[in-house]
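What follows is a single structure, written as structure tokens, with notes after it.
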Amino acid sequence: MSEALEAIFHVNTLTSTLRLATPIALAAMAGTLSERVGVINLALEAKLLAGAFAGAYASYVTGSAWLGVGAAVLAGVLIGALLGLFTLRWRANHVVAGIGLNILALGLTTWLLQVIWGSRGTSPVVPDLPGWSIPGLQAVPLLGPLLSGHSPLVYVMLLAGPLLWVWLFKTPGGLRARMIGEHPEAADTVGIPVRRTQFLLLLAAGALAALGGAQLSLGHLSWFSQNMSAGRGYMALAANVFGRWNPLGSMLAALLFAFTDALQMRVQTLPSPPPTELVQMLPYLLTILVVAGAFRKARPPAALGRHYEPGRSGTE
Amino acid sequence: MTVSHNDAGRPLPPPAGAAPGPAPTPGGGGADAPPAPAIEMIGIYKRFGPVQASAGAHLRVYPGEIHCLLGENGAGKSTLMKILYGLYAMDAGEIRIRGRTAVIRSPGDAMRAGIGMVHQHFMLVDDFTVAENVIAGMEPRRRGLIDMAAARRLVAEYSRRFGLHVDPGARVEDLSVGQQQRVEILKALIRGAEFLILDEPTAVLTPQEADELFRVMRQLKAEGKTIIFITHKLKETMAVADRVTVLRAGRDAGSMPASQTTPQRLAELMVGRRVLLQVPAPPAQRGPALLQLENVTVKGAGKDLLRSVNLQVRGGEILGIAGVEGNGQLELEEVVAGWRTPDQGRVRIAGRDVAGMGPRRRRRPGCAHIPPGRPRRGPAPALSVEQNVVLGRHWGQPYARLGVLRRPAVRELADAVTSRFDVRGGRGPVGGLSGGNQQKLVVGRELYHNPWVILACQPTRGVDVGAIERIHRELLDMRARGAAVLLISADLDELLALSDRLAVIYEGEIVAEGETGQFTEEMLGLLMAGQRPSGGSGRNAAGRNGTGRDGAGRDGAGPTEATAGD
Amino acid sequence: MTERTAGRRLPAAWAEVLGELALTAAAVALALLAGAALLALAGYDVRDAYYNLWDGAFGSVYSVADTLVNAMPLLFAGLAVAFAFRGGLFNIGAEGQLYAGALATAVTAAALAEWPSVPLIAAAMLAGALAGGLWGLVPGALKAKTGAHEVITTIMLNYVAILLTTHLVKQYFKAPGPVDQTALIPAHARLPELIAGTRLTWAVVIGVVLVAAVDWLLRRTSFGFDVVLVGSNPGAAVYAGVPVAARTVWTMAVSGAVAGLAGSTMVLGVLYRFIANFSPGYGFTAVAVALVARARPWGVLPAAVLFGALQAGGLTMQLFARIPADLMTAVQGLVILFVAAPGLLYAWRRLPVAAPRAGTAMTMTAETAAEGAAETAAGPDNETARREAGP
Amino acid sequence: MSMFRTLRSTPAVAPAALVLVVALAALLAFAPAAQAQTGRMAIVFATGGLGHQSFNDSAYAGVQAAQARFGVQFDWAEPASVAEYEALLTRFAQRGNYDLIISIGFDQADAVTAVAARFPSQRFAIVDAVAEGDNVASYVYREAERGFLLGAVAGLMTMRASDPKINEANVIGVVGGMDIPLINANIAGYIAGAKYVNPAADVRYSYVGAWDDPARGKELALAQIDQGVDIIWGAAGRSGLGVLQAAQEAGVYAIGADDDQGHLAPGHVLTNGMKYVNNTVLHAVQSVINGEFTPGVIALGVAEGALGFSDSLVPVDIRAAVGQLVTRLIAGELVPPDTIEEVDAWLEANR
């Protein structure tokens, strides 16, 4: 039994957590960015999927995984722009536009998969991102193995949390963004370009979430597979709420979700495991619990989901 | 006329000695022999769909003056100012600033032109500190981050210089309304505003706070600022303005120095006819106590929201609750309406303890509840007039049977209410009606059933003069029929005009109660601010928790005034 | 959203409904045109493709029946989502509620096998509604008690429902064989065929009756009044003494019950048993259906048929024009996006309007009007401007 | 309902709407005539469609082989859900011009039974399940046999510590797609096979919970590898591809599923569990062409050449040892257990 416990609480459970968390965390932080300027972002799934697809395709064509990452970012920016166009300019309901984009992305990527590679399931193996290690850190016990050999995007995720936190809460740009999410009229009246800022952040969010997609197809695996985001965008949304619209919180929440997932994977191999489905339910039940618990204290941006028509200062 | 340092994004140098920007024309009064106008708005037109909000309005503001823009609700004051501030695009017209045509297409343009605006609904983020609110858009930076220390210093310095007294580190949601307003003024000043537009700034203030605001305005004037002050209150106009422009129906109806006009004359310009400044109030015929609150306490997080409140309202009288908003009025409303169960004490209606009776059941025996006109809680804008009229009674006979609505009965009710209370604007979604008609609909819905206990909360807020008159008359009618009316209002004029007795609420406590005639405005102001009136003038009025005192004072209510009164 | 006020205002209401129909038709047409562009880009014969789409959806009695069969789960689930919409709640959890309803129906039908046909079917559907209702009640209660946003809790509960029903089937109700499914329900528990030789059953009739019932509930009953009130103006609802928290719970419960019936009809009319993981995401498509219907119960009917037709026609397109079904998925995404964006078609109409000149003489556009409306709605003193309620 | 309220006052849009609808109608105006079709087969794949690099693809290979060998034409469908099966089968059956309609996948049984009853003169074949009807041929596999062979290969191989990819621990593993009977029969055979040849072997198994999440498939595999697993079988559809990648990265052996997946992780795929669906499809087509179509259940296993394992990297001696087992399977001397619960008893009985 103790051997089993050892298997569960192994350092590799934590490295596995990092890998599993990366797409969710990046998407969750993307969600945080867009929701801080008042746009509900249900299109995270679309961004992950588009990012994963574009990344794999560009890597396949050019032979460079880094160009793949670049293409993923472009795809994410494109989806972000579409979301902005529909929600901000054409006043679509945010949630519904998000669902529409998710379905569109699923259909298009699967179709293109067939058009390009003639398979409805997976692309061929494409060049993937190298594993990175931080020199000198490898020797450090626990931390060394934990933080070595990951895809560069894992480190991007780990850095993005604190950096975005600083940006959002300590810089002028962050203050302005938060103001828009709380009170767009107020931002408008002090000359902050509401539309332009919202759009820019939606694009940035698209890029960030698409990096999560690139992690799936180029970092974690080395091919694109149909619907490979597999609902992570929705988990990311929950992580964002659990993280209280705070990039650092989103990241930590994603790490927690991933940890429960990594844990259940190991629980399954226990000598007499509980029924599979009940174990697999854990992350979802946990999410419900934390959302129900966290909402008591957390407050979403006041203007979230609202349609605001800026005065004459928008990007019209 | 460039004010160089108010570019959004760049920090301001701290205000050194001299006023920023080019020195304004020395005014002092500005009332006599005016120099060239600082701001001119010429023939402004603005239409919203079928509504012509501005119909060729002219406005001329001279440097260094306090210019009062007077008019009824709906006269187009705010529209005009929003055009000047770049929030609306005008359909036609011209704006000149210091003689030169100005193109103002966004608040940013306005700010660059030296115009600042304090909106009626504050443009403040509750969750931010004062400093964050003030500097957003022009943050002082250090190494790419916001230099919060510098921001606080800047705010503190401006605050000191203009006598505004705000704490840069405080969170806005913890501030009083008056303080929030000063934050707004600070925001405009720190952006180098030379011209300050104040949109109905006194609507939410106690008399003392309003006086404080007037003091600030005079100080600003002394510093060389030009102020445009929007109001519909004549008294304030006379108290503070150098010059007055009256707007009516989107057009200017006259402009003159304040010293050369009278309230009566201004009132006539405003409404375009002779107005009755006094509404006659017949003496109260008091019956038995119909609404009683005994020791009602409501606990909040950390403090009591209502503390041992004892009140009684008798048939045939109006009891007014005076107080600065946020001192327990909301909780009082909730307790009386039945949304909230008091933690201690009881509410009796006609002597019966109504604990455990929800709003729906309280309404049945004859209780009515008029909710605040703004923010609109009463009408549901998306629903039709018919649906709104039956709202609150849609579960019972005769409008519903076994949970199924009876359309003919509902339609009849709608016909009756709209005709009796003069609700115009069709039968479609109530959101399409004007604010006045919406509120008349709500009042009509509540009073149609001849209730004998009436809870009226801010019944005329945000409503135009015509509708105010109508609503006041209806309340007085109810009183004459023997109903007990509990009137909660932030508008002292309204309270003084309608109430037989007044109670002052401060931090959840009734700090004074008595016949209306026993209070002066000054006393009320001090009581509302939590102070004892100095001197012995508040003899009867100061009795804390003075329930059951049979106020056998003067029969007639005090001198009653319409809002247009002086 | 205007409630049709009886009698006298009918013409205006109809004009509005027709206008919305035109808008929706235009959005759908636009989406199909975009789809055509995609097809052409990929080198398919657009005409052949769309002929097969039409043929498969409406080309024969069987096609029409197939369209309707496809539409059934979407009709019920879409109605559920629309109902919650009207109550101001976003029920993305129809998927989970449908699973709960389907399993309960299958188990009940098996347990009461000796009952005669009609009461058996009624009991099985009731069980489905109850189970779906309970599954909907959970997020409703969570929202009322803790404020947990129903979008997130319902999404999570979808996953839980799928896993839980699978587990229950395996553990307690599994029929022998390689598939995790219950035994076939007895023949007399199945919904009778409506047109012989097709798969069309009485589910259609039940669906139409349910649409009428939900419409009636919303418009003619005190409960429906409460729901619409809470959805459109919670402030006024509180004031009117509507117990908002309780209504939130009930709205979700009713919505869940209707979604549960989607599962019931799948079991009683199509699958004849519960199969683990059987839904391809009806509950998610239902959100789109409800939106296309603008949350009107009667609108759900054509909207569900539209999506059913896209599916049925999409199959034929796939079979006989060799066009991947995924393209139809993409077109569905486009339909949702275009219908969701009211500004899109206005933007199109607005194109010829000259760019506003600086400073003076602005051209009146839909946008400035909207701005005015938004501003006045936010509450400036300009009361009269409220009359303009947006473009 | 603010989201809907913005949609009022629409008449101005009506012309725009009209233009769009007319444009669409114009597209449809000239529809092509449906072509007559003769001498055809139709095939309905399992949900999930082609491209799993496994089950459906193997079937598709059978289709291609049949096209090449017999010159028959094929129409096919890739359904997205269980509910579509019946509609698709009906569509094909209605055309009335298919010599055989083939269903792939264990969950099509209900649909085939229903449609076969409605179209008694149409011939059907179903692979991997049993459907009822006098016009239906049902091909089923004895899944456990395949698992048994793979388990035996892995059980012998994991003791070969001289191989750089093999560790000291006597542990092997398998990642299943879902916790369903079909997968469990494979796993049961796998455990039985491993312990039959290597009684001390420890077999780990876990499930992804999805056929289309290779990332989690990979993590599950890595979790097992952490526990000393040095040979791991991915029986999880597309999720199983993640298992191959995990094995490649961790430097251990993987076992592919259903088809030869060696190219996805070169040098690491020890063997592949082969399920010759292609042969089955070919067999079904051939039976029709030759006029030998026989309704009823046809059970296929190692003996019929429908199941097996690929040689790939399996050392010669192990190949030979497992070859012995193949002989005994064919002879019917060994009948591996179908459920994981039965494994211990089976091992007891077959000691």
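The letters A, B, C and D name the chains in turn, as written, and every chain counts its residues from 1.
Simple rule for what comes next: a residue touches a chain if its C-beta (ideal position, glycine included) is under 8 Å from a C-beta of that chain, and two chains touch if they have at least 3 such contacts.
Source: prediction; values computed, not measured.
K.L.:
Looking at C-D and A-D, which pair shares more C-beta contacts?
P.N.:
Pair with more contacting C-beta pairs, C-D versus A-D: C-D.
K.L.:
What's the farthest chain from chain C if centres are computed as the mean of the Cα atoms?
P.N.:
Relative to chain C, the chain whose C-alpha centre sits farthest away is B.
K.L.:
Can you work out the whole-Å distance between the CA centroids of chain A and chain D?
P.N.:
32
K.L.:
Centre to centre, by mean C-alpha position, how many angstrom separate chain A and chain C?
P.N.:
28
K.L.:
Taking the mean of the CA coordinates per chain, how far is chain B from chain C in Å?
P.N.:
44
K.L.:
Enumerate the residues of chain A that touch no fewer than two other chains.
P.N.:
As it turns out, chain A has residues touching two or more other chains at 91, 93, 96, 114, 120, 185, 275-277, 280, 307, 311.
K.L.:
At least two partner chains per residue is the criterion; list those residues in chain C.
P.N.:
1-2, 163, 170, 232, 324, 342-343, 370-371, 378, 389
K.L.:
Going by the touch rule set out above, which residues of chain D reach two or more other chains?
P.N.:
Residues 1, 5-6, 78, 179, 209 of chain D touch two or more partner chains.
K.L.:
With touch defined as at the start, can you tell me which chain D residues reach chain A in the complex?
P.N.:
2-3, 6, 48-53, 57, 78, 173, 179, 204-207, 209-210, 212-216, 218-220, 222-224, 226-227, 238, 241-242, 245, 264
K.L.:
Flag every residue of chain D that touches chain C in the complex, lowest number first.
P.N.:
1, 4-14, 16-18, 20-21, 23-24, 27-28, 30-32, 34, 75, 77-78, 80-84, 86-88, 90-92, 94, 106-107, 109-110, 118, 128-129, 179-182, 185, 209
K.L.:
Give every residue of chain A touching chain C within the complex, in rising order.
P.N.:
42, 82, 86, 89-93, 95-97, 99-108, 110-111, 114-115, 120, 185, 231, 234, 237-238, 241, 275-278, 280-281, 284-285, 287-288, 291-293, 295-296, 300, 307-309, 311, 316
K.L.:
Write out the stretch or stretches of chain B touching chain C in their complex.
P.N.:
Contact set of chain B toward chain C: 47-51, 53, 73-74, 76-79, 82, 87-95, 101-105, 120-121, 199-200, 337-339, 358-360, 362-363, 369, 371, 374-387, 391-392, 394-395, 400, 403-405, 407, 411, 425, 427-429, 431-436, 462-464.
K.L.:
State the interface residues of chain B toward chain A in the complex, per the touch definition above.
P.N.:
Within the complex, chain B contacts chain A at residues 8-9, 85-89, 105-108, 111, 117, 119, 123-128, 132-133, 135-139, 141, 144-146, 187, 191.
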